[in-house]
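For reference, the structure I am asking about is given below.
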Amino acid sequence: MARGAYVGRFQPFHKGHLMALEWILEREREVVLVIGSAQYSHTWENPFTLGERLEMIWRVLKARGILDRVIPIGVPDTDRQHNLWVQVVLTMAPKFERVYSNDPMTRRLFRERGFEVLSIPFFDRERYCATLIREKIARGEEWEDLVPAEVVEVLKSIGGIDRIRELYGRREARRT
Amino acid sequence: MARGAYVGRFQPFHKGHLMALEWILEREREVVLVIGSAQYSHTWENPFTLGERLEMIWRVLKARGILDRVIPIGVPDTDRQHNLWVQVVLTMAPKFERVYSNDPMTRRLFRERGFEVLSIPFFDRERYCATLIREKIARGEEWEDLVPAEVVEVLKSIGGIDRIRELYGRREARRT
Amino acid sequence: MARGAYVGRFQPFHKGHLMALEWILEREREVVLVIGSAQYSHTWENPFTLGERLEMIWRVLKARGILDRVIPIGVPDTDRQHNLWVQVVLTMAPKFERVYSNDPMTRRLFRERGFEVLSIPFFDRERYCATLIREKIARGEEWEDLVPAEVVEVLKSIGGIDRIRELYGRREARRT
Amino acid sequence: MARGAYVGRFQPFHKGHLMALEWILEREREVVLVIGSAQYSHTWENPFTLGERLEMIWRVLKARGILDRVIPIGVPDTDRQHNLWVQVVLTMAPKFERVYSNDPMTRRLFRERGFEVLSIPFFDRERYCATLIREKIARGEEWEDLVPAEVVEVLKSIGGIDRIRELYGRREARRT
Amino acid sequence: MARGAYVGRFQPFHKGHLMALEWILEREREVVLVIGSAQYSHTWENPFTLGERLEMIWRVLKARGILDRVIPIGVPDTDRQHNLWVQVVLTMAPKFERVYSNDPMTRRLFRERGFEVLSIPFFDRERYCATLIREKIARGEEWEDLVPAEVVEVLKSIGGIDRIRELYGRREARRT
Amino acid sequence: MARGAYVGRFQPFHKGHLMALEWILEREREVVLVIGSAQYSHTWENPFTLGERLEMIWRVLKARGILDRVIPIGVPDTDRQHNLWVQVVLTMAPKFERVYSNDPMTRRLFRERGFEVLSIPFFDRERYCATLIREKIARGEEWEDLVPAEVVEVLKSIGGIDRIRELYGRREARRT
């Protein structure tokens, strides 16, 4: 076996994620795509449910013809019980040998557990950033070219634009 | 969309499950394969972790070439808080319209929520029954022809025969 | 203040419960009616949700004109973490001074916490027993005169007879 | 049936809440009064336990003679697992058809579940605001005319003024 | 470092446990004494709270003068989420290298995690068995010579005899 | 018995904690050292696991020869369910009569439960403050003389300096 895990929240899954995934697929036979913070939804940081994110990602994988090399799974976060989180991933995920992540916490926790952890090159990070994309959606700016077409499709069909706009409004109101 | 959900614990995934899945695929464009009691493992009823079950199922789906029509996901049970369980499924699963299950509780809970629930014909139920297969494994009887080859492979690679034998011994000890 | 707490699961609330409640009301100015195991439903022991039980009880209290003396609340059980349960009750319930219960565990836990605990006389215990009433419902025997009319009404409106019958069937199947 | 649900945290229950409740009672036969964030207490946002809030509200309802039209219940929040919260309410509450709330999250979640959601007119919002009332209590300003007399009574009997003052002090200390 | 972990529920801590502990201390510099199922109490299997068990054990260790070589800690069980349990132990316990246990589940879980697991010789197992000791207590038979004097002392001071008797009665009632 | 409880998070255990502990030991026969927020780790506020903190504290107590007078235990926090927290402590801790703490919440909760609560004099608070010590560690400043030698030893052996530095970096990044 030669499998890597790619960890993210994918709120939503954008072209930067896709490029990273393709970059990993050049290095690994298969990839476990770990959709983190799986239990949350309807917050600014995590607007979409796990089911909605799986729908987006599964359609993208299908359209790219890589469903036979990528295994998407949802994993809840453990709030601040960080020392349990890696074990939760290992319990819920098919086996993998390496972890790809740029998040310092994910990197540290897997390294403390003895995993090899690799960095992912950033692909036009200014543009492909989930927070910025949500902000663009909220403000009515251009965003559709930043995510795969399948994501646009799902996001619209579930009323995602309205939801993000509302959550953005709440966040702004709280900041004032 | 025209999707059905097929709910089971798949401990392990056997040929009866596969025949049922194929029968549903004749009726639905896509199937969400809900792997229930996802949080448990190392018990007689639920010997395998979610990750191990996903590994078995994913390999079967890949070998059959149906990864583009079947979406496997894990869903925890909610102990006896049955009235929350359907909502947990709906939060974690991509959208589906119909439910296929012969389990009376699953059927009732989804029907109370307004879902159409359909029965699955049994395919040689005497032979293809997860409990019987685990008992055969524990007793050293023939079992390998009852599950897909990929399941045999994964089950052996994770020391599953030993684990089941041990759990069977504990159950027998308790019964005396 | 002079308040007592009356603890039960009320699956369903029957005439024995009502007689007990009236007996306590002769001794206390007000009663906190603690509906225990509040989180469970759709099991043989706890077929009804908290909301359904509250509906039954509230209508009975209203019909008897005792809503100004009885405060019904739901309290979850704490599985086997018994030493937390009394504190959960005290956090969720308006203040009370005495506890009325015949359940040995409830009695012990409140006494260990320093509460005065009183027994309730049984009112025709052979007939007014929730388990027996559920069994009668399941077997199609006479049961409607064993519960207040409001309970019959609610139970029927939510499909409670079917639900109990099904849960009874599952229990019987498991016993064989 | 013609029932509405009125959702709030009621920390504490003030005259604005009472006016809103009376306004809803003109439109509905009965109201389920959902006391949210039921599990929290002793924080600035949620100083009072569910039991203490129920005590305040029950006395107000009794004094107004509306106990036969208002059913108060406690419902925990689900932290950020927002997609489960409506189901938790539906499990714990007697049936209702409409929801009255001005909170955007509550409104969104119930609407996504298919409920009719109505706004409540604000009754002198500058004055009747729970946060402002807690701030007045903490600073030793006039507050007693902002809440029903029964709330003053309960709040004082449980040492609520001291508790709020202390929580306010902690909040101020953290802000500096 | 050269530390072993000794895992048990210690309901109550008896002379067989003490002999096992002393046997391990001949082989290890220090021992982490893992008090399992820490969250439960007031059940037949787990009558005593963690605090009560710690009190018994700490006094025994102090009387034997081995507090500088034995570190007692409480660890909750994870219900049937067995694949998380070892990680919970590792998070809550000071570091150790080896595990001493005769319990098949504990042995399997630690071995699957890569730990060396050793058996403990049984010391007059017929007599020194926590279940039998609880049964003797319940039936009013001789039991005091089966546990260290400090355990007798604590057990009596907390009303433990009454509690065990009551729990025994409940168990017997359920069996009939 | 004459026991006090001393409550803290001990992230890490420093000389100010040790002086406070010794001050309490002059007033009490024994002390239950309650290590709070036991479930968290790998955050800026709580960098160390319970096991790591226990290791530090146990070694300090051993070196000071006070293991026979101090009982260290871990207790999780209950998030914002403050009204349950004291009961959790009482369930997990050996019995004690008095509480020593300067934390307003801890003081209030134990006083509301009827405990005598005493203040601890501050011992050079400017220097002996866990947050400041973590900041010094992160910035590469002098910190080793602020904690007992055993704490330095454990902290280094587990890679604690790196971990704190990383968590500090994350906190700073978020503040900008």
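Just a few scattered comments:
A, B, C, D, E and F label the chains in the order they appear, each numbered from 1.
Going forward, contacts are C-beta pairs under 8 Å (C-beta built on N, C-alpha and C of every residue); 3 or more make two chains touch, one makes a residue touch a chain.
Since the model is a prediction, treat every value here as computed from it, not as a measurement.
Taken together, chain A and chain D share the touching chains B, F. Contact with both chain A and chain B is made by D, E. Hopping across touching chains, the smallest step count from chain A to chain C is 2.
At the interface between chain B and chain C, two copies of one sequence, fewer than half of the residue numbers in use appear on both sides, so the contact is built from largely different positions. Within the list A-B, C-F or B-C, A-D finds its counterpart interface, over half of the contact pairs alike by residue number, in B-C. A count of C-beta contacts for the chain pairs A-F and C-D puts C-D on top. Between chain C and chain F, the superposing rotation on Cα atoms measures out at 180°, rounded to the nearest 5. With centres defined as mean CA coordinates, chain F is found 46 Å away from chain B.
Between chain A and chain E, the centres computed from C-alpha atoms are 44 Å apart.
Between chain C and chain E, the centres computed from C-alpha atoms are 37 Å apart.
Residue positions 39, 41, 49, 81, 83, 90-91 of chain A each touch two or more of the other chains.
Chain pairs that touch one another are A-B, A-D, A-E, A-F, B-C, B-D, B-E, C-D, C-E, C-F, D-F, E-F. Listed in rising order, the residues of chain A touching chain E in the complex are 81, 83-84, 86-88, 90-91. Interface residues of chain F facing chain D in the complex, by the touch rule stated above, are 80-83, 104-105, 108-109, 112.
Touching chain D in their complex are the following residues of chain A: 39-43, 46, 49, 159, 163, 166, 169-170. By the touch criterion stated above, chain F contacts chain E in their complex at residues 38, 41, 49-52, 54-55, 58, 62, 67-68, 71, 73-74, 90-95.
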